[in-house]
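Each of the next two complexes has chain A plus one more chain, namely chain B in the first and chain C in the second.
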Partner chain A sequence: MNIRGLSLETIPPIFTPFRFFLSAPLSGILAAILLIYSGTDIWLTRWNINNLALTHLLTIGFMLIVMLGALYQFIPVMTGQLIPGSKKLASSIHIMISLGVLTLVTGFLSHSRIFFILALFFLGIGLCLFAGSLLPLLIARLQNQLIVFLLRILYLVLMVTLGLGLYMLLAHAVPSLEIDFRNYTDLHVLWGLAGWIVLIIMAISSQVIPMFYVTPEFSRNYLKMLSLAILITLVSLSLYQGGYIKALEVLLTLELLIFVVYTLHLIGQRKRKIADVTIYFFRLSLVSLLVGIIIWWLGRYLAQQTFYFLLAIVMIYGLAISAITGMLHKIAAFLIFLHLQKLSLSRPTAISLVPNMKQVISSQNSWIQFMLFLLSYAFILVSVFFPQLTVLAGVFMLLSFSWLAYCLFQAIRRYQKIQLEILALPEMKMSI
Partner chain B sequence: MLSSSINAFMAAHHKQCDELFAQAEKSVADGHWDSGLQEWQAFAEELEKHFSREEQILFPEFEQATGMTSGPTQMMRMEHEQMRALVNEINKAGDNKDLDQFLALTETLMITMQQHNMKEEQILYPMTDQSLTNVADIIERMNQT
Partner chain C sequence: MAREIILDVSELEPPQPFEEVLKQLRKLQAGEYIKMLHRKQPLPLIQLLHENGYAVSMSNSPSGLWEIIIWKMSDPVSAADCNTQFGTNIIQADVSSNR
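On to the complex of A and B.
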């Protein structure tokens, strides 16, 4: 490790992560509007175009976008190095991926080739820029930390998921390229749901749960082996056809079960026991994975479409979006506090202006978020069986994402206002 | 038996501070102000002990060994000041028995502390372990503080 290359001062400008965080709920709002607009039609078949559009608004427009913003913020804290090319490149990547998801969704909805070509262009460039900028950091000789190991696996799994997606997009853009969409979709979904989403939650949990809730640390070797085992199982499931499939599915189930039970067990041992909304989001997320596993094995007795829908809802909305929504409330409030406090250091009288985290996003607003999320999640699940409730489910989903957008936007507005007030105060020269 | 690396020794102390913090916060949240504030003082003292171990012993040793006087250690000293400011505000909230303010500030301190610890454990302590030759002696001196 070359210690001179490392810096503890490397916090990116606040808008680097925030531009991602602010735009993500807007994709969620679009997804909710699409759900309301589609009504009961959404549950006709998993191949329904509205369905594909909705899924990608949530997975790329919300999940991927938040993940990118979070990586820009946390990689420097964890490794002492910024993602190369950070500021300008981050905005280009953000714009490319946002345009990519919008054109992709328009492509699905209009089934027009030109939008697929545009989506391929924007997403392709955005993702290549991102993958390329992260790669040098991930292959560098960093400390042998658990999080770096998990990020490397996460990176691989994400690349496979996105690679499969881009390949199908290419086939949409160039119809002469005849591919077996069903097979590729199944692989894309497998890597996305059991790989990418699970590894995001694993990476966040391993860092956040011991720190914020004072639980015992995750066993380093154990999570390394588990994440590697999941990767190997996914590769095997993708390559083998026939006899081994059942055994591999059992293996994958066991791996996921071990993760859930172990993490819930650690949360149960937490020493910081005050009621905190994020812990409820985390528990909801982990329980969703447990329910997802049950659906995977028992859902085959359900109608095939019902099975697919339940699995997708529980994994995407329940496992991923719940934990991410909870984390966003905490991260956003903290970043605003952090940047304002940093600004006030050279202005001694400014310290009284710096709001604490709960003054940025109040506990009450976070609890409202949890209730709205829970209602929307429950109604979406129930509407699979009672389609007449779909519009209501969509309304709750709209409320939940709008509330998230409101909390984040009012937080950043507050930041801008207090920033100006602090900057107006006289500065004291510091010798640092 | 003391730890063999600065990282292990200091990370264990972070954990110890976290546990004292969690206990105090919980007591106050449950309305047990008397015991809660006593536990809070125990935490604040341990935190101050941690800061002074770094500011008086570890950082000067590191700065001397590497010649890096204005870099990472200076940044960490600044963050210590930020946390001391929060502790002061929490003390005031404790004196006024202002529960909402107390918990809002402890939450803020908790996250600030954790991201500070993360930088130290992931970056600064490994740097000190790598660049210092008298690790055992430094740990021994810090342990006596």
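On to the complex of A and C.
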């Protein structure tokens, strides 16, 4: 493999990813408060405005924000190239998308046009800046082909999902255009759930599972073909409305089933059999995808609203948010460890100050996170059938996201404290 | 001839490979270099090594593992030996990157 063209600047400043990681749980907390406030009303219809607001707090405010932070951190590590302009643009993109999600949610809740216009402005600019900054990197020749391939497909799928979203937002912001946005809702949901979320999990799994759990590597060709097959299937499902639909749905189901079975098999082959709670988050995520597939096929026997709700909960909360929550515990601790090691290299006496990863976020705190997440997930699912439990589900969701925020904030405070202690020590070059 | 210290971290989970190599580097004597065997290219580690006066050469071995050779630039014995043996795969600091 060619090692030329690698940039040695592969560690972005700690707050480049952390600004995204720290703000994401706050959207989750807002979503939980909205669930508690809505109570049983949330399950009346999928078009309920509180429902739309809650979904977008989780998908844009939590998932997209964490994904952006993770891309800023991991693209340089995986490809040897920083995202162009990342130092200057990351904070602007973060602010634009955060303002975008807040104004969008306020728009849904107040049904006020001005907020939809603001949301269109903020989200439009934020996403264009991000898409524009990533594009030169994705069309360049890069090494580490598997993740680059997956990122290219992920980029395309994300652009379709967000493009459809912005188009519908335009319908809300400028009603005089008379865009029949409901025609595009199902497509937006299909690309978001079966495309974006599945590809995020595939991209995270392909890197994090072999690296942190020391399993065999994913087969490159297999994941490339699978992600391409998913893209082609989604395009076909969007363009053809005829009799092929069932066949395409069967195809998509088989593709996703293969991914779940293959990934669970890899996790089972891991060499380090140490009980690590983050692996349970990954397993929960993959089992959720399996349950999502079952719901998809058995959905016709359920009431239509129940079907939509269960599918959205299992795919967004179960598949995506569980894996992302587990990953945040692991990588936040790792990044703090890495940055403190970096500082201590030129200060020989500082090494005793650097905590290990388990001291940054303890195993006990990660276990508490898993239990809170599991309880919230279970109660949200059950409350679809027993709406009187909705408030309780919201309380557990609030606890889970608050705990995540607490773990991340206490980790970064610890980093800042130790950083000051290390910087106070005398510096020596060539010390290790 | 410089002495080779082999460090196989290919079955360790992060951040142990990182900790192990730093531990070895602190003990590294003049006339010694480290051959690290890893399943990944540890790019952040390479950045830190460059910033702290180490030279790094990296190549993919037939077993599929990455061989990362690390020596002190200020150590003439290791530098001469490593430049001869691994000179073709030395990673140069990319001074043009200023984004």
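Everything below uses one rule, namely that the second predicted complex is superposed on the first by the 422 of 432 C-alpha atoms of A that agree within 3 Å, B and C clash if a C-alpha of one lies under 4 Å from a C-alpha of the other, contacts with A are read in each partner's own complex, and residues count from 1 in each chain.
The rule is short, and it goes like this: a contact is a pair of C-beta atoms (placed from the backbone, for glycine too) under 8 Å apart; a residue touches a chain by one contact, two chains touch by 3 or more.
Quick caveat, the model's predicted, so the values are computed rather than measured.
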item: Clash-or-fit label for the pair chain B, chain C on chain A; value: clash
item: Which of chain B and chain C A:239 touches, first, second, both or neither; value: neither
item: Touching partner for A:211 - first (chain B), second (chain C), both, neither; value: both
item: First (chain B), second (chain C), both or neither touched by A:346; value: second
item: Which superposed partner A:424 touches (first chain B, second chain C, both, neither); value: neither
item: Which superposed partner A:84 touches (first chain B, second chain C, both, neither); value: second
item: Common ground on chain A, meaning residues reached by chain C in one complex and by chain B in the other; value: 1, 3, 6-9, 77, 80, 211-212, 214, 271-272, 334, 337-338, 341, 345, 356-357, 432
item: Footprint of chain A on chain B - complex, ascending; value: 15, 18-19, 21-23, 25-26, 29, 66, 68, 70-72, 74-76, 78, 81-82, 85, 100, 103-105, 107-108, 110-112, 114-115, 117-119, 122-124, 126-127, 130-131
item: Chain B-facing residues of chain A, complex; value: 1, 3-4, 6-9, 77-80, 143, 145, 207, 211-212, 214, 270-276, 330, 334, 337-338, 341, 345, 351, 356-359, 363, 432
item: Residue ranges of chain C in contact with chain A within the complex; value: 11-15, 18, 22, 25-26, 39-41, 43-44, 46-48, 50-53, 58-60, 72, 74, 89, 91, 93-94, 97, 99
item: Chain A to chain C touching residues, read off their complex; value: 1, 3, 6-11, 76-77, 80, 82, 84-87, 210-214, 217, 271-272, 334, 337-338, 341-342, 345-346, 356-357, 429-432
